[in-house]
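You will see two complexes here that share chain A, one where it goes with chain B and one where it goes with chain C.
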Partner chain A sequence: MVLSPKLRYVGSRLVTTMLVLVSATILLFSLTLFIPGNPAEVLLGPRATPEAVQAYSHIMGLDRPMLERLAIFLGNVLTGDLGRDVISGRPVLDLVLEVFPYTLTLTLASIGLAIVLGVPLGCYAATHPGSVLDQIGAVTSVAFIAMPNFVVAVFLVLIFSVWLHWLPVLGVGRDGGWGDAVLRLVLPAVSLALSWIGYIARLLRASLLEVLGEAHIRTARAYGVPERRIVYRNALKLAAIPTVAILGLGVGRLLGGAIFAEIVFARPGLGTLVYDAIAVRNYPVVQAAVLVVVAVFTVTNLLTDLTYLWLDPRLGRRLGEAR
Partner chain B sequence: MTDFSRRQILGAAATTALIGAAGFPFPVLAQQGRSSVTLAIGRDIQGLLTPANRVGAIEGNIMRAVCQGLIRFKPGSFEWELSAAKKLDQVNDTTIEFELNPGLQFHGGFGEMTADDVKFSFEQFGQVGADGKPAGYAKDWATLDHVEVTGKYTGKILLKSPAPQLWLVVLPDNSGLIISRKAFEAGCYRSDAQPIKLIGTGAYTLAEWVPNQRVVLKTNPEWKGAKPTFPEIVLQPVRDPKTAELALRANELQFTPVEPADAAEIQKEKDTQLLRQDSINYVWIGLNVEKPPFDNPKVRQALKLAIDVEQVVAGAYNGTVKPAYALMAPGLLGYWADAPKPKPDPAAAKKLLAEAGHPNGFKCTLTLMNKPTYQAIGQIVQALLGEIGVQVDLQVLDAGAYYAIGKGDTGKNLDMALQRFGGKADPAFQTQWFVASQIGTWNWQRWNDPAFDEASAKAASTNDKAERNRLYIEAQKRMEASGAFIWLTHEANIFAFRPWLKPAVLPNGDDMLYDRFTTA
Partner chain C sequence: MRDAFTAVWRSPTGRIGLVLVVLVLLFSLAGPFVIPYEPNKLDVLHRFAGPTTVHWMGTDNLGRDLAVRMAIGGQIALTVALSTIGISLVGGTLLGIAAAYAPARIERVILVLFDVLSAFPPLIFALAIVALLGPGLDKVIFILAVTMVPHFGRIARAQTLSLKQAPFLDATRVLGASAARLVLVHVVPNIMGPLVVLASMDIPVVITLEAGLSFLGIGVPPPRASWGGLLHDGYTSLTQSPWPVTFAGLMLILATLGFTLFGEALRDAIDPKLRAAP
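On to the complex of A and B.
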């Protein structure tokens, strides 16, 4: 059976994704090997007797050969068993699934906001190069990119919560329904999104300017195709490829960046889960949360790669020619 | 595409401005009524909610509001008063007799509190869990032999040896709280079962715990004592102190601990009040006496002479705390009022270093936790020791890595560590960490002095108050002579809150009496 170039491309990307996930899992497993001293001692605390440490080491399988432990760990991960929280005794997967929707919501809200504001800004700047708005956009974009997120967050809280009393600071809401939850999402999402708005706007401006100068765009203009149609239907699709690539990485970075937003705005999420777990050396929770972030990151990158095929049909043709 | 006219744009802008001026009618703006109060906690609760296996002060404070002990602390002091007990008497050195108030009902239909519940609660500290894990706070009741039930409401606490510290760090504290045997056997108090059920006879019930979001306490309908002021207390985990401060200013929180260095700034805010208490905790720089060059007493003395404690404390805490010169804080039994207050003398320090074979100083590391105050201390110490030629590298670690670094064999590699321990009302709690058996656990100085161990042990097992006082001062003299401890401060607890609120905090600053929070 002969596979089409596109299918072979998808297959190879899937294999790479799986390899990344397995490598990350092995790396996370090796984390336990670097804990100073016996992990059972760490978990049981300073008051543990040597007998208790020995018994707990056996329960944790620490007396087994390392490769056997690695095989068991990989097997457990594959079956969805990420272990138990060493403090509460609850399955770690439950803990992660409880908070993951909050982190995902925050990440998607931030990236959505960045796209909704960054893309029109970038398009406007590319179609009106050198205009006053383009120059203002350039300055503000660079300012947004340069400002650290936590500084933005503190200023936003000061302005909109402390002075104006418009928006709440803490948490995700309590019995306030969707309206309250959305209001509590505004400040963390904006503080995460601001730098990305600037980034997307500048990147899109540059690539759109380049595409607008290409021969097929000149031909379209010569045929009298309306400028709006050329920009939004023809050029934007091609110019979006670098932006999509950056957004793919951005989801991963925003998942990591969500830690700061969750701490500053006291929101539940993977960030606060990991933060608390590291403080008490609750390694199964750290491993599981990081594994979920890695999985989301690699899957997002896979989707990003596949999006190229849709955005630029020439890529599919080039894959065929390469064969 | 629709084009907007200038009129439409101006109209939209005007409407937005009007909504803004009207104060944005969102529900979050509604001031919380006095029926509910929201207090900040530094992290979410974790782990089993039993006195024997609690994780720390945050869980302890919740348990204290939900459960009763035989006795309890009065707000703002370490004096105690009767709580679940009608009578509590020490009849001899190793026997304490108690009689419970009849009619104390565990909420949730778990019946009346009896002497058997007291026996179950206290003896649980000696139990090893099914997973082989000993009780986290087993040491608190290490002197307990058993509890003898003599009647439905009466019993005897029989000790293996005299234990005066029980009256200040166990019975009125979290390790003295009484839980229901029936509820425990029915699977309550377990954090691996959701929703977690914390059953007690106290003023509040744990009505709701949404992990990582909030803990809600509501008044216990079965409670027959003085009615708490607030029908509902919401505990909001806020990990970042700056966020807590901003949330207080936005009136989303009504009470939060604040960093001493920020106190002066917060004081300027209107509608915000500060409570400042001198604490009994202790912050110090410990020197590893096993590792060269700190194994040389002259080097340790040189460092003590080079570090100007007053300057360190004034700089790092913004002048809000007092310097410390010994382990016990003022007001505690064993407080050493005449402890030496060495004047900083870099010249003498250099001379001592030269005598110790280090005329040009040496390089070393100061390990500390990644908190702004501690980092400020580290930088000042770095500068002060630099004056005598000692080059200090700061090793700044997160809490997890920090607490592991002094443990076991890894602790042998420590040079100096900036440490902070929480204090309790009885000096036995403070001295227990510095005995030889704690080397590799909490005694990061790896200091081994049999005379100190003996004085501590004797003081912890006699009921003679004057003798205990003498022995604890003696123990602190041994610490001072070792040169392994450079005391910095006993800290101060500073809390910011709304002026209408009257918080109830114990002198160590970590322990709260939520059921005694009231309106000013």
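On to the complex of A and C.
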């Protein structure tokens, strides 16, 4: 059977994604085997009787052969059963789904902020290469990219809360209504978005400059198409492709980075959930939250690659040539 | 190599980067010898002191001298960065060369391994392992190194593939060189340029990851000083003194910015083609 290169590519990406998810699940499972001591003992604490430990080991299935446990774990994960919270006894998936919207809101707000600020900066820099603003932009972009987001978060708290007393900083503002919630979203979102503003601006500048030098743009100029129209209609569409690809990766990376913003700004979310669970060694919660983050990360990576293929017809042709 | 450094020095941002890197290195390495305080010595009577001529950066919540702790933190950050990158550079290069020379089936296996490894978000990966197995510097280094292997492996493979057909390699083989000699003496030196660039550009990434893990309290275990840990401790006592946070954050920013600017200038000098890689 002969498949088109595009279909082959999609197929191999799907297979890799499945492999990642399965190996992540197996990894998370096998890590529990290396926990120092019996997990049941660890969970029940030092005052647990041997009987209680044994009973709990049985409930957790610790007395069964390892491969059987792995099979059960994989089966449970497939059916959406990620285990139970050791402390409250609630299904872990419920806990994760409860806080996930907070993390997602923060992530999307940061990506949105990065686009709104990064795209105009990149466009300006590409249309005025070498200008003073372009050079300032180049230096600040590197600085933004280089700064760790948790340092930015801590400095934002220091500046806006401790020195200036401007914005309400900590928490999500559950009772304060929408306005309060949005205000409290500003600083965490800025702390996460900063490096992505730099990325987007730099990437867009580079690809826009490249596209503006291509032959079809020269043709458009020769036909007397207005420069504004050339930049924003013809060139930007092509130049945006690598940026879109990076944005997909960004969603995944930001989900991971959100843990810092959540902890620094005391917001509920996946990050805080994992952080608190680590402190009390609540393993099922750690496992489930990590699995969800890895799943979202890999699936967004897959979607990004597919979008890339769909946006850039040239890539499909290149895949064909590569064979 | 000398030309590369000259080129870095010529570029204005590269010069800033080099100066920052040298300053951070000097401070971290010489600091503990120059500053007359022990990094873990408590002095509760003088806690939360601001910067003075005695304590250059002030003291922390237990009265420990911040300057000397920042220097120790710098040593740890550099140790973690260099060993992590060293391990993944060696592992990735060997795997990449192996992939380029191996039969197609084994090459596919290695490439899939790269895909799978690079699909894990490193921070979350590290978080899971450390959460389950307990904190430790060795674990942090191992985890970060593993997630970075594909990074070097892919470039090493691509470089080897384009080098493989070079006539001088055929000549060496005809002269009877062993496979190990061929790879170590002839292939490795010829593909090193871009790998060194990547390695230098990964330094700030690893410093950030290590600091992040230590900030979460699962990287470098206390009482050992680390920039991430100092930032976190400073943050919990932010209302008492802004100085620990200010200096820890500043050290991190200067180090990451310095290594980033230096790495980018080095890339432009050695291998401008890499610029396209995100």
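Please note the rule applied: the second predicted complex is superposed on the first by the 298 of 323 C-alpha atoms of A that agree within 3 Å, B and C clash if a C-alpha of one lies under 4 Å from a C-alpha of the other, contacts with A are read in each partner's own complex, and residues count from 1 in each chain.
Here is the rule we use: contacts are C-beta pairs under 8 Å (C-beta built on N, C-alpha and C of every residue); 3 or more make two chains touch, one makes a residue touch a chain.
This is a predicted model, so every value here is computed, not measured.
In the superposition on chain A, contact is made by A:87 with chain B only, not with chain C. In the superposed model, A:228 lies in contact with chain B only, and not with chain C.
By the touch criterion defined above, A:259 reaches chain C but does not reach chain B. Look at A:301: by the touch rule set out above, it reaches chain C but stays clear of chain B.
In the superposition on chain A, A:183 makes contact with chain B only, while chain C stays out of contact range.
Once the two complexes are laid over each other on the shared chain, residue contacts for A:157 go to chain B and to chain C alike.
Of the two partner chains, neither chain B nor chain C is touched by A:9. By the document's definition of touching, of the two partners only chain B reaches A:272; chain C does not. In the superposed pair of complexes, A:24 makes contact with chain C only, with no contact to chain B.
Shared contact residues of chain A with chain B and chain C: 35-36, 154, 157-158, 162, 263-264, 275, 278, 281. On the chain C side of its complex with chain A, the touching residues are 13, 112, 115-116, 119-121, 123-125, 127-134, 204, 208, 211-212, 215-216, 218, 228, 231, 234-235, 238-239, 242, 245-246, 249, 252-253, 256-257, 259-261, 264, 275, 278. Those residues of chain B whose C-beta lies close enough to touch chain A in the complex are 1, 20, 23-24, 26-29, 43-44, 46-48, 55, 128, 131-134, 136, 138-139, 190-192, 194, 210-214, 234, 236-240, 242-243, 246-247, 249-253, 398-400, 403-405, 407-410, 441-442. Remark: chain A residues 16-17, 19-20, 23-24, 27-28, 31-32, 34-36, 139, 142-143, 145-148, 150-151, 154-155, 157-158, 162, 203, 206, 242, 246, 249, 252-253, 255-257, 259-260, 263-264, 274-275, 277-278, 281, 283, 286-287, 290, 293-294, 297-298, 301 touch chain C in the complex. Listing the residues of chain A that touch chain B in their complex gives 35-38, 41-42, 44-49, 51-52, 55-56, 59, 84-85, 87-90, 95, 98-99, 154, 157-158, 161-162, 164-172, 174, 176, 179-180, 183-184, 228, 263-266, 268-269, 272-273, 275-276, 278-281.
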